[in-house]
Amino acid sequence: MTDISKPIASGRMLLSDEMIQVFYRLLAAFLICAALTILTNSFFSLGNILNVLRQASLLFFIASGLTLVVLTGGLDLSIGANVAISACVAGTVIHQTGSPTLGVLTGIGVGGAVGMLNGVMVTALRIPSFIATYGMLWVLHGITYWYMGGETMHGFPAGFRQIGSGYFLGLPIPVYLLLVFLAIGTIFAQRTTWGQEIYAIGANPVAARLSGIPVARRLLLVYTVSGAMAGLASIIFLARLNSAEADIGESLTLPAIAAVLIGGTSLFGGLGTVFGTFVGALILTLVLNGMNLLSVNASWQPLVTGVIVILAVWLDMKTRRRAA
Amino acid sequence: MTQLAQSKAAVSIVQAAPPLFELRGISKEFPGVKALDDVSFSVWPGEVHMLLGENGAGKSSLMKVLCGAYRADSGSFHYNGEKVEITSPADAQKLGIAVIFQEFSLVPYLDIAQNIFLGREPAGRVPGTIDRKKILADARHVLDSIGFDIDPTIRIEKLGVAQQQMVEIAKAISQNARILVMDEPTAALSDRETELLFALIARLKADGVAIIYISHRMAEVFSLGDRITVLRDGRRIDEVQPGAVSSDDLVRMMVGRSVDMSYPRTFAQTPGKVMLEVKGLSSSSGIAGIDLVVRQGEIVGLCGLVGSGRTEVVRAIFGADKATAGQILFDGQEKSGGPDEAARLGLALIPESRKAEGLALIRSVGDNLIVSALRKIFPRGFFDQGKSRQVAYDLIRQLRIVTPSDKQAVGLLSGGNQQKVVIGKWLAAGAKLFIFDEPTRGIDVGAKAEIFALIDRLVADGAAALMISSEQAEICHVCDRAYVMCDGRIAGELARHELSEENIVKLGMHHA
Amino acid sequence: MREQAMVLNTNPLQRIPGVAVMLVLLCVVFSLMTPGFLTVPNISNVLVQSTILLMLALPMTLIIMTEGLDLSMGAVLTLTSLIVAIVALATGSLLLGLLAAMAVGILFGTVNGWLVAVVGIPPFVATLGTLGMAQGLSLIVSDGQSVVGMPAAVRGVYSGTLGGVPLPIVLALGSYLVFHGLLYHTRFGTYIFALGGNREALKFAGISARRLLILVYALGGAMVGLAGLLMTARMNSGHPTAGLGLEFDAIAAVAVGGTSFERGNGWLLGTLLGVVTVGVLRNGLNLLALPSSIQVASVGLLVIAALFVDGLRSRS
Amino acid sequence: FADGETIAVFTKNQTNPYFQTVRVGSDVAAKAMKAKTLHYIPTKPDSIPEQLSQIEDVVVKKPSAIVFIPVDYKAMVPGVEKINDAKIPVVNVTDRSAGGKFVAFVGADDYSLGLETGRYLLKTLGGKGNFVIIEGVKGSLTNIDRVRGFNDALKENPGAKLLASQPGNYQRLQALQVMENLMQSNTQIDGVLAANDAMAIGAIEALDGANRKAQVIGVNGTKEAIDAIKAGKLLASGDYNGFMQGCLGMMIAIRSLRNEPVITEIVLKPTVIGKENYQPYDVPLESRTCPSWDEAAKLGTK
């Protein structure tokens, strides 16, 4: 047993677990990059790297909000459906008013409102988040299908589309957005009292409540933020694809969850980082990019992704020292 | 020194036969902590061997090694003089070792009978099935044998803490163990159940069962123990006879210095202004018409039997349970919100169950210490790691929390140190009214004295405290006044001069 | 004096589970609104349609009770269904097809269990990974094509009857009874409660939680193999996307049935009711021919409503 | 004759605009003939078990006739047989079912659609250049034939080089990302053959994003494709003509109920919609009209 007058032990303790985790993940991403550089002659080019970053950014926007939800020990299965409905409503607003600003606000607003509804179900109605958001997923799909009536919406103003496909100083605009939100997310989670409270809630909601944290309000905030991020992602999708359709985000929910998990956030809450999620999104994108560059048969893609998810989390377990 | 000579003689008689079970040179290291350091320990049939030590001294760890839950890094086991291996709980069971754990090992959604015989279910006719009739009959038999009258088909989730502890005991007894380990078995029991347990221990002793008993209660140590082993910092300090030492001696061995256990208090001559006033409070959990007052500078006790609703009262005051009627005035202001409002106003609740309600076990000691104080320390909402660690260091030092680092996950601390962390977080938050629900449950004597000294300091500095304790002696020692509860109502109030165990019991009894 | 446990709900109405309320409500509404609903062929219809889901939901209940989850079930069902089709096509033997499918199902289940219990990967992640693997393998073994030309016996499994009762119902009912016996009357079942409720307790009782967990997931795999046979029989062919997403339906049915996602509190009969409720809802809406978008939303609303009712109950 | 029949229309999903055109076509035809339509669409897009359940439920409800697009042409055969057993007349539309008895089949020839649209692209580019194919959902009937048509069109031109053939699963986003990735490994891409319009538009967005130019073709003739052709972004789209398929399927179903003569097979000839002939397609779906029966009869192949 150690002397209590010196609470700090070895220097290793100073490097936080989270940082070590993220380091391992960056290493994994780097290894994939190295492998692809050797295996293909087109991977290692500025164009392709920007390309990967831009694709990763789409996944990251959805996954970053989700990270907060997962940190509280919850899950949001409705994000994909939320992206779809936000995109469709925002698309209509842009078409009707011609104002991209209004459209952006609408998209984020709709997304945030959906997220808040999720939050209400989880906090006020006390429905487990997995079920509440699964229910929400279908309700949103239903509304979107009805609203779109099987049609798609396309052709948005060129200025608006810059958000998704434009460049600034040689870098795609989504990449700037990615950096901004990465910074905001990291600061929010690590450098604000709200962030600390969110970790505390995830680790033990009962104790958090009895410690004076307004748990319901923080959860509401987290679900709303997650929804708003889905709304933001829907705007980027809209601008990138130049069209809105009812199934726009459908295929994104599981990859987003996978990105969060590969990024080292624990499904039981209380452990993880937003930066880890970014690296998770990057790894997933790299794998898909690599398979395209290598012209891997499409049948193998889900299999490879599955293996990667398991390997990444296994690596996480191996390198995590902290235990309950 | 005749006393000592006598006891030495007694020891040599016992040691004529080989011990029933012996541990030699056990060491066990966890990352950053040497929990056990070359500890040897033995028990003879028919004796109660007390295991004493501060929180975190390694008592539970030693018992977990003994029952195969942990594997020792080095050392050996000897049964009836022969060397044996214990690498899993199953090995220990085969040797006839049963354990009553400090943390319950019961399954909430199985009934009492299924829990008692978990892993040892009587086989039914079809392979794999369970003979339901037999398991119920056997369970009734075991429960009867310990004098616990309850229907064995009730699910554990429906039981209170004391009842769960009794089931835990029944489970250990049912194994017909030769060696029975009890890790703080009375911490959750009321007097009635404690008496039942002691009678049971006497019977087992007569049957030649060897009992290893861990407790922080000095009275038990002397009344039950045949021999005492003291651990400190993972090392075996000494083995002594209860007749040969005083409790001060034991405390000195445990803590390494002397501790004043009379809990001296600077009783406030004139209590200050009213800090908390509760009028006619009822809540959905079954309490009704609670009236109580806590003044500045006071420590007010809340006592009663287990299940009398004390926890429910403080939960309702803190806002953890919704009040259905009545009024709570704090500092003259009406309080109606949840725990967050309570914390903001300056109330603090140190809950009954630290693991479930007090701590985020996977988070670090530092994170847990700071969690209630976030708003106070960082009013602008921006969190600063350096500042937060500084606050945490100060608390760790002030409360003498044994931890390798402020980054250690709090779940890895010993029980007593975890309790200190729960108290510490409210110190950091600068609370004005501290509500303690069994603050010393599972806490060693040294820490207990420290905690009482701390509470005394807090109230002397203008705070106030409301304290629940099942140890009536504690209430009598420490409190200015006490309310006694019975069946969800306040049965009466006792002033300082009326405070005695007798009076508390009298008021707390059920009246027809 | 005999000690009592706390008796929480004195109002008997509050003790009726949400799922039962939902089911009765739906049945009443649909019988009033469509004449076709309360007829023998239609009821049989609903039940037959629910069988595959029930066969997934039963083991899913046990898995959820161990604080686990199996997201790979839908994808593995797709794979086992393809295996039934491919083997039956190649050998002409239904039995061989079933055996091969169960073997593959058990293999996947065991891998899931191994990843969860031995490697220690959270179930959500482990089975998300195997989901991808099973989906990939389905595409690879079938080359993305449907497998057709089943021997006649295959079809009979879905359309045949035993003593007038459709064979799928017989199979599903049999499965339910087996699971019920397993969960409530055997050691294995007792230990499942302990796996979720207090794993330490098992350890101290000298029982290997690892073996048990692997067994639970493997049992799930076996059921998925059996369900694969029904699936193939139903389509009279194998198809590389047929079962995708069914795991979520199964999880929803389990949740609607009142099994809690923490601490091993499971209710098998609730799962049965949950599956039937989902089936009745879909069937009734089809009979009413409501717009499809309403149908899409309805299952979501059902799940939310059932859990809300359960939440109301547990709060009082 | 007795009108007011109820016709159940089965389509694959609510998300792909193509099926909306079929639904509108069938609605327009039914309205003209004073019949009622009921639409059955799986809640999970293209779900086989769900469509099977819907068939089972509908058989209980007994509509007068059914217009049927199987979500999978092989897996749905038992469902069709159930309809047959219930003696409900059924017309097969779009994807030709591998089994079961139908009053008629109405569809388009995916192979020649792929071939003709591909040829159109190659002719525009002078029969040479570097090409990529973006495939739809692997194993789906439409995809197999369209891609075969694309490949044959490429093989007819020795100067054409196929760089890659990757799946976009009929999804815009996937096609966009596949295209982005393919542009990295291929510095010169002259033509893109996408198995549907959504993927074609996705590929165009990718090209625009990278400031690169290539001629892109799609299949389906959806509204957004027409707009893109008008804007000069998309070279051409093979007309799958869902509206017409919906019209014809519904007309045949109702006529067979009324014991009027029907045609048992209509396979619409491929039309490639390009800059020169898009105008007739540039009108809202609802205001289009179905052909008269005489016109329809001329389209018949059997």
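Side notes on the structure shown:
All chains are identified by letter, namely A, B, C and D, in their written order; residue positions are counted from 1 within each chain.
Definition applied: a contact is a pair of C-beta atoms (placed from the backbone, for glycine too) under 8 Å apart; a residue touches a chain by one contact, two chains touch by 3 or more.
Just so you know, these numbers come straight off a predicted model, no measurement behind them.
Chains touching both subunit A and subunit B: C. Centre-to-centre separation of subunit A and subunit C, using mean CA positions: 30 Å. With centres taken as mean Cα positions, subunit D sits 35 Å from subunit C. One simple way to say how far apart two chains are is to compare their mean CA positions; for subunit B and subunit D this gives 72 Å.
Shared contact sites, meaning residues of subunit A that touch two or more other chains, fall at 138, 141, 145, 298-299. In subunit D, the residues that touch at least two other chains are 14, 43, 138.
For subunit B, residues touching at least two other chains: there are none. All chain pairs in contact, by the document's touch criterion: A-B, A-C, A-D, B-C, C-D.
Interface of subunit C with subunit B (complex): residues 1-3, 5-6, 181, 185-188, 190, 193-194, 196-198, 200-207, 263-266, 316. Only residues 1-2, 4-5, 7-10, 13, 16, 190-197, 199-200, 203-204, 206-215, 217, 270-271, 321-324 of subunit A touch subunit B when the two sit together in their complex. For subunit C in complex with subunit D, the touching residues are 34, 36, 39, 41-42, 45, 48-49, 52, 139, 142-146, 148, 155, 158-159, 231, 234-237, 239-243, 245-246, 282-283, 286-287, 289, 291-293, 295-296, 299. The part of subunit B that touches subunit C in the complex is made up of residues 67, 69, 88-90, 93, 99, 101, 103-110, 114-115, 118-121, 124, 128-130, 132, 148-151, 154-155, 157-160, 163, 284.
Those residues of subunit B lying in contact with subunit A across their complex are 31-35, 56, 233-234, 318, 320, 338-340, 342-344, 349, 351, 356-363, 367, 370-372, 374-375, 378, 381-384, 392-393, 396-397, 400-407, 409, 411-412, 425, 429.
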